[in-house]
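Order of writing sets the labels: A, B, C and D. Residues in every chain begin at 1.
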Amino acid sequence: MSTTETANHVVENTVPVPDPEVLKSWLRDMLQIREFEVRSMQAYQNKLAGGFLHVYNGQEAVAVGCIAAMRHTDPVITAYRDHGHALARGLDPKIGFAELFGRIDGCAKGKGGSMHFFDRNNSMFGGHGIVGAQCPLGTGLAFATKYTDEVIKGGTSDSVTACFLGDGALNQGSVHEAMNLAVIFDLPIVFCVENNRYAMGTAVDRCTASGNQITNRALAFGMESRTIDGMDIIEVYREMKGIINQVRATTKPFFVDIDTYRFKGHSMSDPRKYRTHEEEQEYEADDPIEKLTRYLLALKAMTEEEIKSLSKQVRHEIREAVNWASQSPVPDVSELHHDVYADTWGDYTGTSLPRYMKPATDEDATSGEASNGS
Amino acid sequence: MSTTETANHVVENTVPVPDPEVLKSWLRDMLQIREFEVRSMQAYQNKLAGGFLHVYNGQEAVAVGCIAAMRHTDPVITAYRDHGHALARGLDPKIGFAELFGRIDGCAKGKGGSMHFFDRNNSMFGGHGIVGAQCPLGTGLAFATKYTDEVIKGGTSDSVTACFLGDGALNQGSVHEAMNLAVIFDLPIVFCVENNRYAMGTAVDRCTASGNQITNRALAFGMESRTIDGMDIIEVYREMKGIINQVRATTKPFFVDIDTYRFKGHSMSDPRKYRTHEEEQEYEADDPIEKLTRYLLALKAMTEEEIKSLSKQVRHEIREAVNWASQSPVPDVSELHHDVYADTWGDYTGTSLPRYMKPATDEDATSGEASNGS
Amino acid sequence: MAREIEFREALREAMSEEMRADPRVYLIGEEVADYNGAYKVSKGMLEEFGPRRIIDTPISESGFAGLGIGSTMLGLRPIVEFMSWSFSLVAADQILNNAPKMLYMSGGQFGCPIVFRGNDGAGGQLGSTHSWCVESLYANVPGLKMIIPSNPHDAKGLLKSAIRDDNPVFCLESERLLSIKGDVPEGDYVVPIGKATIHREGTDCTLVGFGRTVYFCEQAADQLAREGISCEILDMRSIRPLDMEAIIRSVKKTNYCVVVDQSWSFASIGSEVAAEVHAACFDDLDNHVHRVHNDDVPAPYSHDLEQEMLPNARKICEAVRSVTYNA
Amino acid sequence: MAREIEFREALREAMSEEMRADPRVYLIGEEVADYNGAYKVSKGMLEEFGPRRIIDTPISESGFAGLGIGSTMLGLRPIVEFMSWSFSLVAADQILNNAPKMLYMSGGQFGCPIVFRGNDGAGGQLGSTHSWCVESLYANVPGLKMIIPSNPHDAKGLLKSAIRDDNPVFCLESERLLSIKGDVPEGDYVVPIGKATIHREGTDCTLVGFGRTVYFCEQAADQLAREGISCEILDMRSIRPLDMEAIIRSVKKTNYCVVVDQSWSFASIGSEVAAEVHAACFDDLDNHVHRVHNDDVPAPYSHDLEQEMLPNARKICEAVRSVTYNA
């Protein structure tokens, strides 16, 4: 499919299907994300979480497949629907829940919430709330890896940035500016459009003109592009692997239109009147997790029992994570004036890394306030 | 040429070359603009004009040709390089110079200056200083004519808006947002890119990625587009006539890449080190005014003598306009707080039309301040 | 004849009544039509007025704000909804350069009768990018008017005035107030832009607030009343023009003043009011004007931190006690 | 060893010295490389540092401002030039949401060491869209620092501090000052951010100014000296953090204060200083703080109108006379 839909020249896809062990780990990752979201929605109902909650159900193959095709040091950045990317990148679910619950042990000390999952050690650069605004930032990440490799280290560019955005984000001017800059500066970045068909209640065709081909938005800048099936993790991985290898070699940007579907509402307050139940069922039948499960069973790489125990295992881990997070203290009020400025002046008390990132040793030293949470 | 370069389907161009009388009036209009700019530069040297001055020399065929293809009631909007469009639209040169000199008789009472030539009676909507910012406004003009014709009057859409922008403006996000909106809402607007090869000191290829085809920027939105030669006023007119007829009938937006050249520097302070003298001479040899002159001579529609007397006549008119404008009073200080709000409160004294637009009768009535200039 | 309706219904009535009366008025924004508005303010308006006048847009704030402004140049009178004023930053150039200056730049040729409206201020745990109080940024700009209603009655009356105003009017609504109910007259009436109102009479100290902070002032005033301090609560309602006369009248009566502003303190509406009150009441004030603001930090997500950040009743009480200690 | 150089050369020296010392620093903006800068501030830097570190951009302020911010997340330290701060409005979301809040949103994971710099304020007859004084809008936002140097010495010293600062710093330069000359030490020195300076000693009234207005204050002080009024001129230099201690010290000495701010008056730096001086010097002030601002109108093009709009010496003299009438 992808090759036929390639907007520019065809990249031969010689990427092999990975070993069953790898596929199993993907299944595990997707199950973890799904379960994390199920528990997130529960927590939201129980008022353990607040603000806006945008869940990733149905799109798991995109984050897991794309990130599997990258190196762990390759930067990843996305919008507010960010739980899947952070977990796929290796964020410990208990740190994620702590953030969701607004607790001091969260990746952002409870200051960011659902929309701001940052995880520096796993090259996860957020988690951004303003539609499209992560795209200029993403070009900055690609610029920085290239500049560091070539200008500072005097070597050759060796990293690729994945910048995820929604179909609706394609209508923000800053996204176009970012794409133009990526081409002009030869930046090693892949713009991964998670085309889940809707921007809140707006179907993609209603507000996103593109001559019925979203990849035309890349053609505008002479940027290479492709459309791929985001419900099939094996295709996502194989296509992205080829694309990322190419971008690493050429340092030229690439645009991917990844077809997927948002199983749930836009956020917790969305009645989904704008689409039919039939449509939802049709896509749910295409569930990326079930698809990989069927594949593994057909391969005889896993048995029904192994599948069951795997998801049991994941459910257990997630339940434990929820419990752990709900025990984490809420941030002390002194946190209000911490992390505003890097230095200390006036009421501002400087900054420190979140607990989970700090070697036990300097913990006491650098974040007095952060630790005496109520 | 144009047809071969059409990005989408080919529009047959059956528009005839107009009668010599019409061509003569175009020559006159282009000569008027050229002379206006020559005098503007002089005035700037003599400190009669200040601020930023962006002249139109070399691009005359674009404004005159496009506007000749429109109805007088069709809205026109452009950026800060706006003298040509305003004059082509019928602004009296003496009102233009008065504005340039910061005098009360200017089209904006001396409050706008070179970058803000507005002229409501001639459907000229400015004159805008922020690169690209006129494009969302332009879609608003097209929206308004369509809304008024269809929703308020219950008839059919009957106007077409011409929104002019520079090649450099193509990199402002708001321009992309405007193009998407124009397609989504079926707005009768033509985006006329005056591709004069440079944005200040930046050659178009250096910063504007488009796969070497600026019309690809329209393809991104499934918008029809075409490239035309902006140095040949007859081609500009014939192509634009066909395009505007089509847009009036379909109310679907169109994008035109008009190749032209900025004979002078970006503004008065530009040494033009970024391009060669040879390049400038090459384009100057393609002067749109000389081209039309040669054509009229070949047609025997005009004699050398008639040409001479015509330009003599224009030079005279412009000299008179400069003299008239330099006699116009500078705005009274009371003008500072006039035209800020439409109503009167605090220090604000309401608003009134510029002198030249007012029937003599209500002049005294509505703009006391405006008239007692020093 | 008045009856109790929600703040969001009052806004809807204002828009609907004006749209019935004037075909030049239309509503445009994200999810305002099919979806009935992200916060249901425009619920049912698509049904009544149809898709030509209730218009859904792409996520292109700069684009559709500019489109609205452009359409005023040909006589239309748009209402542009920002799902949140937090999202208006991507449209800052259009709303701050074009709308408020068009009349001036064009020497009186083109006015800009447009209303920009939407949620402003902290919602519930929305975090730093979604909790903007833009009033202190945008109110600095001449050429625009700004209203911040605190109750359904004023919301309908002020919004109707805004839609009829020939200048750009920024209407800031608090998501926290959309569901509160209040008496609202049926049919046509307006609340004039530029007139403050005394929300509660008092004798010992003037509390100057607007929008959501009026409720914080109420809570504080109730507490302080028990302590024997009688507070007069003034609701500014309009930020630009600002009704300084009303504020001065009250301060000359109480001789003490605390300004409660939900935006950050530096170069804010709170500093403006404090500076002007000192200028006008230099000999009447028995203590300097105290100010209560949001803490000077980005909005945190965590519930308790957010509550602590707000210009809440506790902070107001502390300010009033310390300003009136010498009474 | 100091010698006389232009303001623009001082800025260039600051950038060049820091770039030589730290390979993570780069300069990006419109026309900064090949064209040597629209105002020649970066003249010759392309030659020395090459196109990888002196980078021309398309007219995409939101794009390249965001690119700069993103690059700080991986340790780079960009200097982003806005040809004019008037053009930063199209990048408002990136510079006000992302840069100042990244550290907070990420719970301390990602700071944002970036400098945004360019022309601010009225140039010569540039009209309303090109004459922005953004200081009173942007200074409202916590998480950023802001400096407005008034002379070549401070320009170099403050900009060097800004480039080394681990927070986003907005550096506002007046096009009207770029060509003025002053003594500037060769080589390395810094002027700390957050420290004001007494520009001229005086006894009767404190004039608080910053950037270009310091010169208006000088003209006024010369005139007033002839009338027997001795003015102390304080140059704020930094807007955020603001050195209130220095201002208070001076006002406690003179007992009179006039703030001169080139931005619009409403919710401005001028109102902030006035409010804070009243709060800190309530018993020391012999009259309320007077404020001199740009007239509250969009910037007109016409030469005489623009001159009249500015917070010029005439207006300052009038303010000082009326504030000290009871001295």
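FYI, a residue touches a chain if its C-beta (ideal position, glycine included) is under 8 Å from a C-beta of that chain, and two chains touch if they have at least 3 such contacts.
Not measured: the values here are computed from a predicted model.
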Between B-D and A-D, the pair joined by more C-beta contacts: A-D
Chain whose mean Cα position lies farthest from chain B: A
Mean-CA-position distance for chain C and chain B (Å): 39
Chain B-chain D separation of Cα centroids, rounded to whole Å: 36
Separation of mean Cα positions, chain D and chain C [Å, integer]: 30
Chain B: positions in contact with at least two other chains: 108, 110-112, 116, 128, 130, 133, 171-174, 177, 180, 184, 206-208, 340
Two or more partner chains touched - positions in chain D: 57-58, 60, 62-63, 89-90, 93, 97, 104-105, 127-129, 142-143, 296-298, 300
Sites on chain A touched by chain D in the complex: 75, 77, 106-112, 116, 118-120, 125-128, 130, 133, 135-141, 143-145, 147-148, 150-152, 173-174, 177-178, 180-181, 184-185, 338-343, 345-346, 351-354, 357
Sites on chain C touched by chain A in the complex: 30-31, 34-35, 38, 56-60, 62-63, 86-87, 89-90, 123-130, 295-298, 300-305, 308-309
Residues of chain A defined as touching chain B within the complex: 171-177, 180, 183-184, 206-212, 216-217, 219-223
Touch list for chain B against partner chain D, complex: 50-52, 102-103, 108, 110-113, 115-116, 128-133, 168-169, 171-174, 199-202, 206-208, 273-274, 330-331, 333, 335-337, 340, 347
List of chain C residues in touch with chain D within their complex: 62, 89-90, 92-93, 96-97, 100-101, 104-105, 127-129, 136-143, 240, 242, 263-272, 274-276, 278-279, 282, 287-291, 296-298, 300
